[in-house]
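Just below sit the structures, each encoded as structure tokens.
Shared between the two complexes below is chain A, which pairs with chain B and chain C, respectively.
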Partner chain A sequence: MSAARPGVVSALRWELRKLRAQHRARVVLLAALLAPVPIVVIIHGQSRPPKDTLFGRFAPDNGFALALLVLGFASQWVLPLLVAIVAGDVFASEDQHGTWKTVLTRSTSRGQIFVAKTLTAGGFAVVMLALLAASTIASSYLIVGHQPLTGLSGQVIGSHTALSLVAASWATMLPPTLGFAALAILLSVWSRNPAVGIAAPVVLGLVMGLVGALGGVEAIRPLLLTTSFEAWHGLLTQPRFTGPLVDGLLVCGGWSILSLGAAYVLLRRRDITGG
Partner chain B sequence: MRRIIIPVLVALVAIIGIGSAVMAGSGTSSVTRARLERSLPVSFTHLYVQQAHLLGHTGVTVASLHAKAMCDKRGPDVADVGPGGDWVGLMSWDDPQVPMPPEGYGKFELNVHSNDCFTASGPTKLTGYLTINDKSGREVTNPVFEFDGCFDPQGDNTATGHEFPSLTSVTSTTLTTDADGGAVLQLGCGTGSQGCSGTVVVTDGKRVLGQMPYSAKEESTTSLTLPAPVPATAKEVTFEVRPDTGAGPSGPVTLPVQRG
Partner chain C sequence: MNNLLAVDAEGVTKTFGSVLAVDDITVRVAAGEVYGVLGPNGAGKTTFLRMLFGLIRPDSGTVRIFGRTWDEVGVGVLDGVAGFIESPKFYPDRTGRQNLAGLALLDGGTRPGLLEEVLEIVDLTDRADRKVGGYSYGMRQRLGVAASLLREPRLLVLDEPANGLDPAGIRDMRALVKRLAGSGLTVLLSSHHMEEVEEICDNVTIMSRGAVAFHGTIAELRRMAPDPGHVLATTDDARALAVAADHPEVTVAPDADGALVVTGPRPAVSAYVAGLVRADVELLGFTLTQTPLEALFFMLTDDFDHQTLVRPVREVALR
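What follows is the complex of A and B.
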């Protein structure tokens, strides 16, 4: 254990350095930080509210509703895409550049490199989500305002409670976002192609969203990664319910463990010598 | 290229495979009548109090409304379970300033999604149009014209026992007669617990032309042939619905006669 640690840490340091040098990782973080501002301004200026999404009807003149509308939109495909841009590339880029042999001839094992790359992708997901959430909540709070929010049971939620509930709702995006990161890692290792690693999780997310919206497949619905993206609804009803949040945590944990386990096995068994 | 397609295909096939396997088996939806009947009145009550506040009505509180709902998915032959745009909610509430119609409830159209959220649109006669004028005369959005709500998919699923009668209504707008004076009347039977039955008394303004018994399932229409020909001189025919089960229209319905 004590011998392995410095290996992981130095591998992690190296991965972070590669990430920092990556143009698109910086673009994603910058987009997460800046994109919410024009979106908030545009929806705030709408005379006809987007009623077909939850909280859409209140969004043009309620900052909390607007932050939740953006949340509902982001969970459809934006979060899987933003997270996959790094997680779907972190392994496959070594294939793309033909650098596996170089990486593995150093004194780090495949296991250590796997841990370092996974931590990098996971850490990026956390930072990206935190930036997007903070930027969305702050810009809707400052641009649209902090009027009392009408919740999902019609109840009026005071500004202070609303702010913490909106922040908590954004925080519940973390488990499914990490689940998608793990899925992207698996696809990245499996396909050895960054394009698959980035695009496939988005497509799978859309397919899961579609399956989840169908009637008649109720037994499969709780097992989908995308279902957890809607678990926050329970925080905004009266009384609150957290059953879907707990289920979502278990389901996302399951997806992550299976995906990472399969990815690790694939990486361990790979013949790298061929280049 | 093969490398790109194969994993995606495998994953898609797996999802579709599991999905259809589950579909072939039995899945029970979390969208049920009992959960909707508990959730809809809660959302409505909160928003109705907001509306009363906007209108300046006093004495309307969450506790005073006693809202009760009966929900039904498309007619008596369809199980009241699962998402869809074909849910109807009948709801009664106590507001002295807005009395219920004779049948005792207002009808809400519900679009229920698989994510345990719904959109309800209210009966405009009772709840008003998209915008209302508040007590200071400003035009504001009516909170109960259309509203969203969500319920706990693991919430209480025991039957509430709330039931309302179906409303029988005359759906014909004119009475078209054939060469011999024969005519057909269309009756509609709305959402409710037991369907509609009773008699329709037909008069041409002066004398009774006859009586027609009727019986219809909820959410269906039925055609009744008039018991006697419409007199050649009659310009209007009046129908009085006397229900045995279900509720009837608030008064007799008079239809103009159109010679065919």
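What follows is the complex of A and C.
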């Protein structure tokens, strides 16, 4: 007999062990840590800055602007992709290996395994975002400099405040990133296919971005996950406004609850016939 | 009474769309028993075993394991239960030892030294630190047994453990299952090989097209078995047929390929063979077509006999 009734913690430890051993996950974290450095160096060395991009005009000469330029780029498809590499695979990989019957014939329930996998994917998203943000901000700060930042309303923001606002802007990526993680989890459970779990959130993100850019969709736009990626703009205006942040938090929460709820129901009801 | 049963599945039915996979079956396995579930591929054996493990929910009926159901205690119903369904699957990029350690985590841990013990039992100690992706099929089967034993089960469920193995692998796996069965475990063994079940099991359920075709002891099954058939090769088949006229208890008839098949009680067949020798008919070959139990198995499970034979047997044999 088992030494003790296992719970979510036991399942979580197993998921984390698997994640640590996963080459793909290690590459993503390493890329989040190291990739910003050459990107910052390249943009810093450019004689013709990307003027048509938010903060692009100031990016080569201002570390804060450059960190925000990278943020704008990352939110288009990079974050959904990086988060989906784990979240879109975490359930479907059991189908790929045929291991559902292996784990579900032990002493851990479907619910506990669902929670453990969701926490693993969510935790990975947080760590990945933290590494990407810290690396981007630190490399921009150290390589390009920490001159005062010109805000979106043309106001000049002192270095100390700018650093806080840039960090806060990156932090606002967390709700939509977790929202995409939840969406990837749903697609992973539904499709039982890691390729769909990883690629589909990115495609859906691009479609949402496209829909959000169209005219005449004002009613839909606030409900899109991608709209929350732009909520940080309000932090860089004078006066600041945080309404989109609150709205984004609610929308991302809604997406997450619906996606995870649907994924849980699908997994609970599923007959494990394969493998 | 139910609490004494390791498995008490009553009136269990499962359909997938329009396919009736398991049709109102009742199976009872007493604690300490070595029990066989036999049937050809597609008979519903694996679906039934998946329902035991909660991988599939039955449409109707009740599955009790040591007196408890999934609805009552959830995954707790698997306390003391282990095994694998079809071929056991593992994480290919992890070693055998890492796979077992991970599965032990899902069980809430194991006592110290158990992991090494089970690796020793299945003879995988030397290969435990190799990635499972490089394991042969037989090694994965044995790792599946090790993963099951890690739970120190009271009920071990093995779904066609020798399936897909080479002859040496089949021999080793059968010896292992026999050893485990002899250790006092309750064993529920599914197979489509009569000899495998006959060798090890006390009781057997034979399934055909989702339904129970026979349920009883191996001894009962033997009593029902038809006379053995032998393929006879001679230098003069016409005379061999003529000699058969003197042995009314023996049936000699050509099969679809034209070869003579001799059927009858063993003493009568022996007497017939002696008669052939006396009649100077040279015997070129005399080969058992199938064991009586195999013959019965095919009679019980072949579509041809299903309607005419299975139903009466089922009515008599279900307990």
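Throughout what follows, the second predicted complex is superposed on the first by the 267 of 275 C-alpha atoms of A that agree within 3 Å, B and C clash if a C-alpha of one lies under 4 Å from a C-alpha of the other, contacts with A are read in each partner's own complex, and residues count from 1 in each chain.
Convention: contacts are C-beta pairs under 8 Å (C-beta built on N, C-alpha and C of every residue); 3 or more make two chains touch, one makes a residue touch a chain.
Model, not experiment: these values are computed from the prediction.
By the document's definition of touching, neither partner reaches A:24: not chain B, not chain C. In the superposition on chain A, A:104 contacts chain C only, with no contact to chain B. Of the two partner chains, chain C is the only one touched by A:273; chain B is not. Contact with neither chain B nor chain C is seen for A:160 once the two complexes are overlaid on the shared chain.
Between chain B and chain C, the partner in contact with more residues of chain A is B. Interface residues of chain A facing chain C in the complex, by the touch rule stated above, are 1-7, 10-11, 13-14, 17-18, 21-23, 97-110, 271-273, 275.
Contact residues on chain C toward chain A in their complex (touch as defined above): 16, 47, 50, 53-57, 74-76, 78-80, 82-86, 88-94, 98, 102-103, 105-111, 147, 151-152.
Of all residues in chain B, only 3-4, 7-8, 11-12, 15, 18-19, 22-23, 25-30, 39, 42-47, 50, 82-84, 113-117, 141, 143, 146-155 touch chain A in the complex they form. Chain contact summary for the complex, chain A toward chain B: residues 51, 54-55, 57, 150, 152-156, 187, 190-193, 195-196, 200, 203-204, 207-208, 211-221, 227, 230, 233-234, 236-238, 241, 243-244.
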